[in-house]
Each structure stands twice: as structure tokens, then as C-alpha cells.
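Two complexes are shown next, each including chain A; its partner changes from chain B in the first to chain C in the second.
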Partner chain A sequence: MAAPVLRWCCPARRWILANIDRGPRHGRGAPTGSRSSGKRGQSSVAQQPLVTAQKPRKGEHQWAAVVGLEIHAQISSNSKLFSGSQVHFAAPPNSLVSFFDASLPGTLPVLNRRCVEAAVMTGLALNCHINKKSLFDRKHYFYADLPAGYQITQQRLPIAVKGSLAYSVCVGKKRSQVINKTVRIKQIQLEQDSGKSLHDDLRSQTLIDLNRAGVGLLEVVLEPDMSCGEEAATAVRELQLILQALGTSQANMAEGQLRVDANISVHRPGEPLGVRTEVKNLNSARFLAKAIDYEIQRQIEELENGGEILNETRSFDYKLGCTVPMRDKEGKQDYRFIPEPNLPPLLLYDSASLPAGADPQQVINIDQLREQLPELPSVTREKLVQQYGMLPEHSLTLLNEVGLLEFFQNVMKETRAEPKKVTSWVLNTFLGFLKQQNLAVSESPVTPSALAELLNLLDQKAISSAAAKKVFEELWRSGGKTPAQIVSEKRLELMQDQEALEQLCQATMEEHPQVVMDLKKGNPRAINKLIGLVRKATLSRADPTMIKEMLEKQLSS
Partner chain B sequence: MLGRTLREVSAALKQGQITPTELCLKCLSLIKKTKFLNAYITVSEEVALKQAEESEKRYKKGYVPPYNATVVQKLLDQGALLMGKTNLDEFAMGSGSTDGIFGPVKNPWSYSKQYREKRKQKPHGENEETNWLITGGSSGGSAAAVSAFTCFAALGSDTGGSTRNPAAHCGVVGLKPSYGLVSRHGLIPLVNSMDVPGILTRCVDDAATVLGVLAGHDCKDSTTVQDPVKSFILPSLTDVSKLCIGIPKEYLVPELSSEVQSLWSKAAKLFESEGAKVIEVSLPHTSYSIVCYHVLCTSEVASNMARFDGLEYGHRCDINVSTEAMYAATRREGFNDVVRGRILSGNFFLLKENYENYFIKAQKVRRLIANDFVNVFNSGVDVLLTPTTLSEAVPYMEFIKEDNRTRSAQGDIFTQAVNMAGLPAVSVPMALSNQGLPIGLQFIGRAFCDQQLLTVAKWFEKQVQFPVIQLQEIMGDCSSVFENDLASVSLKQ
Partner chain C sequence: MWARAGRRVLRAPRGGCRGFASRAGSPGKAGGGGVSAGREAGRAAPETGRIAREVVEHLERLALVDFGGPEAVARLERAVAFADRLRAVDTDGVQPLESVLEDRCLYLRSDNVVEGNCAEELLQNSHRVVEEYFVAPPGNISLPKLDEQEPFSQS
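For the complex of A and B:
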């Protein structure tokens, strides 16, 4: 079977909070906990080894998967899209609800300038064409957390269209080969978020929290240019980095600021596209990849068994690791779109079309926003490669891990060690420890200054590499001590006493005459054994090169 | 009241004809008077009165808005006194003010000396109780309140003629300002793209005064124009020779009563005789207007009514099997047939398969209708003169013979096109019919030329000297108050 089977090697860690049928529901208990786990979730994509589906084996059972995404990013703004209510995560239920948000009769929407600017900036960063005129529409459906019975969105003429998002996937056994990919962006539209329903099954009640109702969303529609879970998850991660760099969204998936729906179909290459399903409720990059790959596999199996794919909405059950049809989405939805009559067309200007004497408070200049765009992640990575001679895949990891780039840069500021050395320590040792203990960069017990000092000691050859690892372990275990303190307490500094080292070498040779004999017989590996024995005797405090020199000298004498 | 059935008295309580306490006191008083029957062993007077009080609270429990509409706040800011809320058709859907939860509104002219005297001449002998006239609508309560001298000005809403229609039937001035001139914030929407707060007063100058208070940009309504508002103080026109009055030929429909038609001609001749240029003009798409209005109105109604789901406010049913069942029952109980009917048709027009054929087509026709007006005004016409209604007010018993939809189509025939084009229009009472009932004519102006429109209306008002309603006979005790009032009113005129 040549199906693109994708499976994660590690068993899933159950850290994600329960998700119910519409977007993420947040446990009221521990926002801090979910925050840190979210960061771990975001980072896991690049780390997990997987089999990719990009090149299915040739044969008559060949299938190609087609994946498109709809991403909702909550706009980072002080107030909601159409009302003056504040936007806050984890505020007491229904404490951030204006008359408009509760859809009281007679209230009218007033467009938030900040949200429009965020949409334009995001559009520009994603190489979109910005529509100078865009329109708002009402999308109707009855739901308890949608007070007006409709959502204001941009169905007919969205604010930005026809863009692209470039992202890089690491492939190969060591994941050292970087492949650049592009996904087209169909459109970006401004729309309102819904409230939240909290289902109390015990008392068969539904409780409504309207704090989120009316918060501005950017819906980013990615064309079906992806073919597997990893591609989709990597594209989402790149978008997340861009949104965070722009400051247009905090884009934290665990807090529901970034939500992804995936459209998935399979077909045989050369044939028309298959019937697609939509998978909702994907609130971590890892589950996104997992759900997509499961769904691809399910569709292939279904078709190969002579079944057919229904155009349906499914949700991902993170406990079972599979997708299941959503009961409340059964049947054809007709959203009965209608132009929003209370909002005039949204007009944007550029420097050329800006009307003379226009009130700057009342107009938005696209060119001005373009000038204010910050550095985007792709540029940051390129700079790392050029400035430090870093490998592209290392620059990818540095940016993908939340806070890791900043950590690296802070170490660089305080150390004389080579950038390559620093990169290696940060990406291998430091990140390895974090992963092992399931911690975020911000939770690390080792500060950038401590690591910088340790690397300085190493650079000065005051300690050996092996001793440096021990110091690092000690730093991790007992925060508060400086590397220099640990080195002196544990007597880890390199042995500078030549005479003592020579005596140790002599003693070792005398204790192991067989090894010396081997060596004399011409076994080149025997010297390494002797070096190891001497190092052990020095408690790893001696430089192996120096030991080797001494041993050779003594043997030849 | 006490002789009625449980069903009837329940309806009377709902419509506010009597309060629970009043009803309770009536019963108690009769119990005392009929003690000799020995029907009661114990009379629980205190308990009953307490229960009546609680009942009263339950009747008042409906939705109380927690904020003021911009138009209301502006009036309050100017020191105006708010006398109360006036009656109307449910959600402003109707043209008679007969289809509201609080019962129909009665036209004050039903009780006027002018109307009664004309009726005496005829050998009718019908039941006076049931023979009262409708006010027109939907803002009939506002028109009746102003007409009966209970207040000096009232607000209405005007989506298809709901201010001008009852104004014409009640003999008052009804102004629909240009769309975008007056804030809709706080106005419960019927058709957002046509709704305008309306103004009802007893003379054109008063309407201009109120408009001066209400007009202007409101940051809470993005569809209000940002331009600074000009003064609405009306000059007294002495010379109309530079005016061009257009008479749209398509408004001469077969259903138009001969009386209204002859007054319309008389008005045109009046302008002509004073030197104005009066020309026949064509608004070629007029005949499609009412159908187009129906599609657009019901579509927006379907959308706007979606929020009344019983969750956040308003009536909620007792059913709690599921959220969907609760929605369905709440909306079935909470809306009358007219509202439900419009929601159903609107949702039908908005279905994916119907959208192009109905909604989009209606929007295109709306554009053509708006262009008709633009073309006429571009050809040099200053103001259009049309009837406001097909005839004078009809008796309630007559009115309810037809269904709401048919009545609305008839009632809005001359008024709704103006809403589709966003133009200002005003109904001015001209004269009494043979039956002694008021007939109003409508002036339509260029968009945002509300002042020019009202200036012409004021000149017309002065020429026609519409008679003051004479309510002394039926007002009994209040007659002396009225005499004083009327004296001052007539001094003005």
C-alpha cells in the first residue's frame, strides 16, 4: 500500500485542554499551565521525525492528498471589531460585553480602525493585493453564542486577496535538508468572533460567555496547495510567526487566538479532485498534522474499499486520535448571506489616491502601513545565516521555538565563543534539556548569562568540553550558582599541573601493561583506551590532547 | 368589563385596557355590593390586592431598553420632556397600527365634531363602539398622540411610509428626513437601508425645529453623513415663481380615490396660479416599486429578527428540551402572524438558489427607482407633489377585511419608493374629505435638501389653512382645557 501514511513516533502527550464543538473552550483553572504547554505544542512540529507524503511511491494505487486551510486569527486590539468593549483573555464571564455585543435592538456596528490596519498589515506581509474597497456581509445561522443570529464577515469582497506564504520543510533522515515551499493565499477577510458555549451535561444546561463575541478575527484562506499534515502544520507555524512579528495577533493556539479548519481530499494524480471533508477544532499544530494525516488515510481506505467520501464536517478527537463526523453540522447549511446595511463600504487609500485635506483619523493609507512593517521571520532567518554562518535548518529551529532566538542573541551578546559553538550549545544541549523536561524557554533554569559565562570558560580552555557538560547539568539542577563557582566547587578546571599529569600517565601505563603491549604491537586504538583511563583518573579535568602528547612521549622514551 | 369571559378579560389585561389592580378593585367592590347573595364565606381582600400587584409587575416585565436612542437623547439634551412610548404595529410591520400587541390605535378624528356631524346626516345607525377609524401606520400611536393634543411632537419610524401615512390619516405633519441625516442608533430596525426616524408635529415649522435638534452625524451610526448640518429654520416663502413642481404621472393609479385625486389637482393648480412651474414628470419604474420593496423589506426583516431568540432579552418560552426547540417556540409565541410571515418570505428570498432571482434583482430595481428620482431632479424639478395615501382613514371593521400584506401594499404605494431612494418627504394635511376626515399630500425633495422641501411645505400649509380638529364634545371634562389651547393655536394661524 503506497498510501502516504504519516504517524508520529512519540505517543501523544495529553496536555491539551478539552475542546468541544465550536472552537477552543478554556478551562477556567489554569491559564498559566495551558500557556506553557501551548508553547511546547507549537515547537514540536520541527522536532518530530516523520515520514512525509510528498512523494508517494509509483504504482497503480497511487493517491495524492490535497489540503487547504482556513485559519482564524484573533486580532490583537484593545477593543472589539465593531464595539468599544475591551478584549481580554480569561476575564470573568460576560464582563466584556457591550449592548452591541449582546445584540440589543437598535445597536449598530462601528468599525475599529486598529482591526482594519491589522488586516492591511497582514495582507501586505503575505504579499496580498489589498482591495481599496471592501464590503461587509451578514452570515446567518442560529447558535446560542451568536447573539445577533448572524456574523458580520466579508464574503463578497474581502479586504485582501491573492497572496502567498513561503515556508520551509525539513526532510531527510537527519532532517537536515530544507525544502522551500509556497502556498497561495486566496483571501484575508475581517469578521466577528462568536461567544463561547459552556455545556454543563450534568444539569443539561448551556452557559453562554459573550466576552469573545465580536472580537475581531482575520480569516486567512490558504489554497489547497499542501499535501500532508506536516506541510500544513509548518505553513501554520510560519503564519503564526509572521502574525506575531507584525503584532497583529498573539496567535497562541492554546488560548484560541489561532484556530485552524482543514479541507482535505484525495484523488489519483491526473484525475479530478476528490470530494473533500472539513476537519474543525484543530487547536494545536501537532493535532492539526495528526488530524490531516488521519483523514487522508481514512479517505484512501474508504475509497479503496469501494466506499465514497461524503462532503461533511468532521472534528478531531484528540483522545482517540481520529476524526469523527460532527452531528450538529449535519445537513446542508444555507447561510443566507446579505450585505450588511449598517456599514458603508470600507475604503482604503494609498499615497497617490489619498484625498487632499482628508482627516488622517478618518482614512487609512496603505503605503504608510507598508513602511511601518517590521522585520519578517524569513528576513530574520536570512540574517542569522549570513551573520553567523548558521545552517538554514538551525535558523528555522531558532525561530520556531518560542523565545529561543532571543535566548540565543542574549548569549551571543555576552560570550566570546564562536557563533557556531553557541548555536550548537543552544540547539543541542540547551534545547535537548528543555525537551527532555518538557519546558518552555522562559521556564529554563539556566539564564543566557550563565550559558555565556560557561561558554567563555570553555573558550578560554579553562575547562574541557566534558567538564562543560557537567557544569551545565549542575547549572540546570541548582540554579543560582555561577559556572565559575560550580567549576571550583567540583574541581572541574583543567589540570594545569604538568608534573602531576605526567605521574598519572606513568601510573596508568604501569597499571595496564596489557594495553601498553597492544599499543606497541601496533594497535592504534589502544592509545585511546589509555587516554580514557587517564582522563578517568583526572576526573575528566585534563585536556585529552595534552594526555595523548604525554603518553606518546613516555612511550617513546 | 366584569361581564366578559376569562378569555376576553385576559386579552384586555394584555392590551393594557385595564390593570390587574383595577380589575381586582372592581371585583372587590361588587363583592361588597352583592354581599346579600351570601356567595362568599371569606373575602381575601388583602391577599387578592397583593396578588394583583404582583400580576401587574409580571405584565410590565417585557423588554426595557437600557440605553436611549440618539434621537431621544438629543431631545432630552435640549430639555424636552418625554411623555411616554406610543403604540404601533408589531415591529412597525403594518400600515394601520392595528396589529400590535397592545391592540389597535384609534384615530382621534373618529371622535371629532367634524366627522360626527357628517355621519349624523347619513342614515347609518351603526354601533358607535365598533365604528372608529384606524390611524394608519405603523407609527399610528405617535400620530394620534400629536393629533389629540396630548403632546407637541412625536417620533415615529419611517421605512416605507410609516410616519407619513398616519400623519395623513390623522391630519398632522409627518416628516421623513433624508436617509443618513438622522441617527438610527436606538431605532429598532425594520429595513436598515431604508429606516429613518420620522417626525410628527402639528405644523411644518415644528417639524423643522425638531429636525434641527435631531439631524447630524452620530459616531454610533456609520451611515449618518459627516458633513456639518445646515440650519433648518424655514424662511416664509412669498414668491413661488422660481419653483418647479413635478407631478409624477405614474402616481395616478386606478385605486386612487376621486376625492384625493381632485385635491391633488387642486394643489397643483394652487402652485400654478401663484406662478410656480408645474410639470408632469415620469418615474417609469414606479409600478415595480412595491414588489421590489416587499422583497428587500422581508429579506432584511428575516436578518434583523434573527436576534430575537429569547436568550439575551425579551420573551422566552418555557420549553427547554433543546436550544433549537426553545428558539422555535419562543419565536412562534413572540411574533405575530405578520412578523412570522415576513421572516419566512425573507428567508426564502435569501436562500442560495433564490438569491439571484429575488434579492439581487430587487436591488437592481431599487437602483432604477432611485435613478428615476435623480433623473427627474436633474431635469430641473425642485419638489415632487403626490398623494400620501389612496384615500382618507377607513373604519377599523373595514380595514381588517383585508390582510396585513394587502393593506401594506396599498398603504405604502405612494410612500415606499422615497425610502428606497433615501429622499426626504413630508406629508402635509390639505383639507377634510366629504366625510370630514383629513387628507394629506406628500412633497418629495432632493436628497439632503430637507430645508428646501420643508420651505415649500410651509408655504403650502399656509395657503390651505387645514382646519383644527374639534374634540371638545367627546373630551368631556377636558373641554375647557381644549378651548384655551385652541384659542392659542388659532391665534398662531
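For the complex of A and C:
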């Protein structure tokens, strides 16, 4: 395994060995007798960015974590992978089930073309090598939601291998430094989903709904190139964006269209990799990073206390916020893989190898799919940076927040203001308000047109910056009024009358001769005081820069 | 049911047979199906061709097959010995045959909804039904250990 050993974790996070309340249990079972410092603080893993090292490393009391992911994404298609029943999220139980899905005898799998195209497109977007020949296998295990007793998957020869996924983490105090990372993709394979079990503990039974059984899944296996929860979460988010841009999966974790299992181990740098555990049931974007970090901490603690890590499967308990061993796992699973006898190998072609006179419905041309690939998120971000001159981290935020990019583009369409201004307003003010009230972009009370109008007013210098903020607040609260209405209601217009302003400046200077004297003596801060006084006199309806200009003109004359 | 399982052992490539074979793991032919085989190879007694008790137990759990007695185990051992004769064939440099369908074209279906909506029919097959859900026990029921085992069949 070529996982880099000195992979330091996400910057700005500290691998604190033990929680405060677990104090005294921290025994010093130092593994291979060496410089035991005895101080808890030294057993932390420095997670500094590779770019800047802050504190010097403390020798052997460091841990490196290794995280690999297996991501299952439900393919966005009308019908299932091997049968013609519908794929739909909410439907009456067992209403979207064909005889094949219920594994009734005498039924056979028939491969869905759309699912193959989805797999190829995803493979191409992730820089994978597409296997022109791939095979289907059966993976056997018993569970009530798997009626056939096996799952059809691609274990031996999957459809795509050896790709890469690039993602960016934001580091630094204000998360303004962008570090680009890559995680290798081991393979992408097509497989069937299982049905859904609803556990009824009260009556000691499980209710089975097979609507989901047989739906096509893309399993994307990421190599263990990540070293902490944040990296994993960011990589998953990027994969989500790519899948959504391609249209191959809606990748909505809340609806179970994207499921993540993590393989986690820890080791000391320089030593071989540790025993890994598999954490399943990571189905929430919010808890993904937390769960992985918890497991890493747990393993470090366990090892530091002289224990050992079992190669087991654990589940994340959202309520307790910790990983727990999964019951129902008796020893290592033996899946008894066999080739799927009912399916010949899947052959794909490119423009060079396409057989002449072939039925276009029956062949898949990789080159054609490559040409038809839609714009990927990384390209969209690059375009934003080029077109609007925004910083990379801004483009990251714009794409990360659902609906924000569209909002931004709609504002840009209707406003004359500078892109930088728009970016700043959307990312700081607008997003800030959303986050404060925990709203999605779609639930925003302020429409793109309203914000565009407000920015136009600001651009025309009809109102000051401070006034604009007030108008925005009012827009957020009231919703119905337009910015122009609010400005006139609250009398927030900037003073346009130059003469009146000049008179005010003059008057203020006459009223405060000491300040003027201070200024003439060369005290630079005196001008600010003057500006403040004039502003007060104008009831904050004058632009400070204009005031400053006017004052300076009058002083020099 | 036993007969069918036996045939499967013979027909299944690499994975099934090599589990109990005397020579563990011929080089270069390990396909992906060898996951279980690799593990099994270590367990079965190589020389005598006898199948160990733990292996029988393991098989019973994996396939939910009830061996039912020493005659069945003996039958399995004979079947494995019979299949072992395949090793007499020199397959160096020959691509394994994974499927007799390998020359066939894999038919690609267009993505239309043509089936489903037969909940009532499907639920008729189930012994117990609750509000259009199939009813199953709360989890997998572990098999008792080999000593305590009664004839337990799950069809």
C-alpha cells in the first residue's frame, strides 16, 4: 500500500490524545520503550499544513491516521440496474418491485444501459482507466433485505480503475489559504442495492421493503490517502458535486443516495500501518468528519493505553457521538464470490474499436461519452476565478453551498456593480444571514433581483455602505418591499447636494477650531474626528470619502 | 438439495474446488474468487483429503446446508477428490473460462420503467405480512454450535 507515511492531518486541528475527563486513565504504556515524556500534551499529533510548520515535532509521540473510503452512490436512472422496475424515493412499500427484484425463481438480470453510461461518465470525470471488458460477480451473504442471498457486483474486474479525485481544503486562521490535495481512486464498480429494513424492536420483527432492492449503485473506492475527518468530508463533498454536475447521481445523503463507509487506522510515522476498523452507517455529511475523528481518537487512546485494535466493523451512533461495534458480525465474513453465471462480460468500445454496423443501442462508445461530459465543478470554479477575478476560496464556497452559485449568477445578471462587490456581498453578508438563521439559499427572503437593485443603488452612490447594510437587514425582515422603497422610507439617501455639504463642513470646522488646529499641526487622526463630526451633522447621510475630500479642499484653500 | 450443492462445488471455478484441495493455491491462477478458497486451503487437511470439522461447520453457516451426518461429509470428500482430477490438466498460459457466455453479447436494456406495481401478488408469497411489508425476524439467527445442532433446514 503506497499510502504516504508522513501524512499530516488537516491543519489547524489538534489530535488531542485524551479528553479532559478521562484524565488519570492515561497510562504510560509506551510501546517500544523510548523517550517517554510523561506529559499528555506531547502525545498530540501535530496537524500542521505541509506548507508551514509551526512547532517542532516531538519525536515518537506522534500519530498519523490513515483513512480510506468506500462510497456508494445511487445511480440516477428511471429503472433499476437489472430490472425494469422504477427507481423512486418515496413510494408505497413493495410497489416498485419486479419479480426479479423479489428474486422469484425463473427471473434473470438484464443490464440497464443508462447505468453503464453513468459508470463510464463517472470514471472519465475521475480520470480513471475504463476497462473495456468488465465482469459481474455474486457476493453471497444472508440478510432479510437481500432476497436472492447474493448481491450482483463487480469484484474481479470492475468497470473503471486507477483514477484520482482532486479537492481543496481551506486552512489558516481565517481559512483563507487553499491547499489542493488528491486522493487516488482504486476502482469504480456497478452493483445492486439491497432493500430496506425497518426494525420493529417492540414486536421483535423486521419489516422489509424491497423498493430499493436492485437499484443501481456506483461504488467508488478511495485509497487511504486521507488523514483526518475534514479531508474525508471535503473529498466526499467534491465527489458529490461531481456526481451532481454529471447527473449520474443526485448524491443526496439525506435521502440515502450517497452512503459512505470509512476504513480507519493509526500508526506511528515510520512504522507499518496499524490494524484498521471499518466504520459503517456514515450517512450524514455533518457527522462524517466527526465520526472519523472520533474513531481516530479512540484508536490512539486505545493504543496509548497499551490495548490493541481489533479488525472489526463499527457503526457510528449519532446520539452518543461515538463509534460502537456492530453486533451481528460473527467473525470475518466469507462472501464466496463466484462469477455471475447469467451475465456475459460487459464490453465497451471507443471510436477506434467500434464494430462497423453495430446497433448503436447495443454498444457504448467511451469516446462519445467523453465528448458529452458536462462541465465539472473544478472547471466552473476556474472560470469564476478568471471571469470575475475572485479568489479560489470564494469559488469554493460558491459551489459548496447548494444554490449559491445560481443566486450569485442571477445577481450578476441584473446588476451593474463590480463583480468583487457582488462576491463580497453574497459571500459575506448574504451567506452570513443565511447561516445565522440556518436557512438554505432556496429559503432566502431576499431575492437575487432585490440584492441586485440594492447593489445598483450602492454603485450609483445613492446610498452609503452603512446604509446599504441597513437596507439589507430590512429586506431580510420584511421581504415584500423593494430596496428603493426602504431607502426612501428610512431616509437613507446620500446627500447629493454638494453646496449643502460644503456649508456643513464649513460650519463644523468653525465649531471645532481646536480640531482644525490639531490637524494643521499635522495630527493625522484629527481628520477622522472631523469627518465623524460632519457625518453626525448629516445624520449619516453623507459618504465619508466625499466628506474627506471636501474637508481637505476647504482646509487647503 | 445436497446434490445440487455438490454440483455447484464441482462447477464453481477456482473458488469452490480449491478450498479443499491438497495443494493450496496454484500460483498465477488465483482469480478474485479465491478469497474464500485461500482461507479454506489452510484449513482442510491436505494429505488425506479429509475435511475438518471446523470446515464443515463453517460451510453449514455459510450456505445454510445441513450435512446431516458423516455420510454427507464423506460424499463431499469424494466429490472433491473427483474434482481434483482437473489438476492433471496443464493450464499454464491459458485464460480461465469464467463464463460459458463469454462470447455472447451482453444485452443492454433501455432505461424505461416496464415492471413493478405488483405488491399484492408479491406479498402473497410471504408467510407474514404487515401493512404491505414483508416480515422477517429481527436479525440473522445464529446457528447453534455443531454439537448442539438439531436437524435445522432453511429452504
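Rule of thumb we're sticking to: the second predicted complex is superposed on the first by the 442 of 557 C-alpha atoms of A that agree within 3 Å, B and C clash if a C-alpha of one lies under 4 Å from a C-alpha of the other, contacts with A are read in each partner's own complex, and residues count from 1 in each chain.
What we mean here is this: a residue touches a chain if its C-beta (ideal position, glycine included) is under 8 Å from a C-beta of that chain, and two chains touch if they have at least 3 such contacts.
Every value quoted in this text rests on a predicted model; they were computed, and no experiment measured them.
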Quick check for you: in the superposed arrangement, does A:R336 touch first (chain B), second (chain C), both or neither? both
Answer with first, second, both or neither: which of chain B and chain C does A:Y150 touch in the superposed model? first
Is A:E271 in contact with chain B, with chain C, with both, or with neither (first, second, both, neither)? neither
For A:E308, select first, second, both or neither according to whether it touches chain B, chain C, the two together, or no partner. neither
For A:P93, decide between first (touching chain B), second (touching chain C), both and neither. second
Quick check for you: in the superposed arrangement, does A:I364 touch first (chain B), second (chain C), both or neither? second
Just checking: does A:G106 make contact with chain B only, chain C only, both, or neither of them? Give me first, second, both or neither. first
Just to be sure I read the superposition right, which of the two partners does A:E510 touch: chain B = first, chain C = second, or both, or neither? neither
Which one hits more chain A residues, chain B or chain C? C
Of the residues on chain A, which ones does chain B touch that chain C also touches? 99, 102, 104, 110-111, 140, 142, 144, 206, 208, 334, 336-338, 341-344, 362
Could you please specify the touching residues of chain A with respect to chain C in the complex? 77-79, 83-86, 92-100, 102, 104, 110-116, 135, 137, 140, 142-144, 155-157, 197-201, 204-210, 327-328, 330, 334-347, 361-362, 364
Under the touch definition given earlier, write down the residues of chain A that touch chain B in their complex. 99, 102-111, 138, 140, 142, 144, 147-150, 206, 208, 334, 336-338, 341-344, 362
In the complex, chain C touches chain A at residues 12-13, 15-16, 31-33, 35-36, 39, 58, 61-64, 98-99, 101-119, 122-123, 125, 130-140, 142
Can you tell me which positions in chain B touch chain A when the two form their complex? 63, 65-67, 69, 184-189, 191-193, 219-223, 226, 299-300, 302-303, 305-309, 311-313, 323-324, 327, 347, 350-352, 355, 359
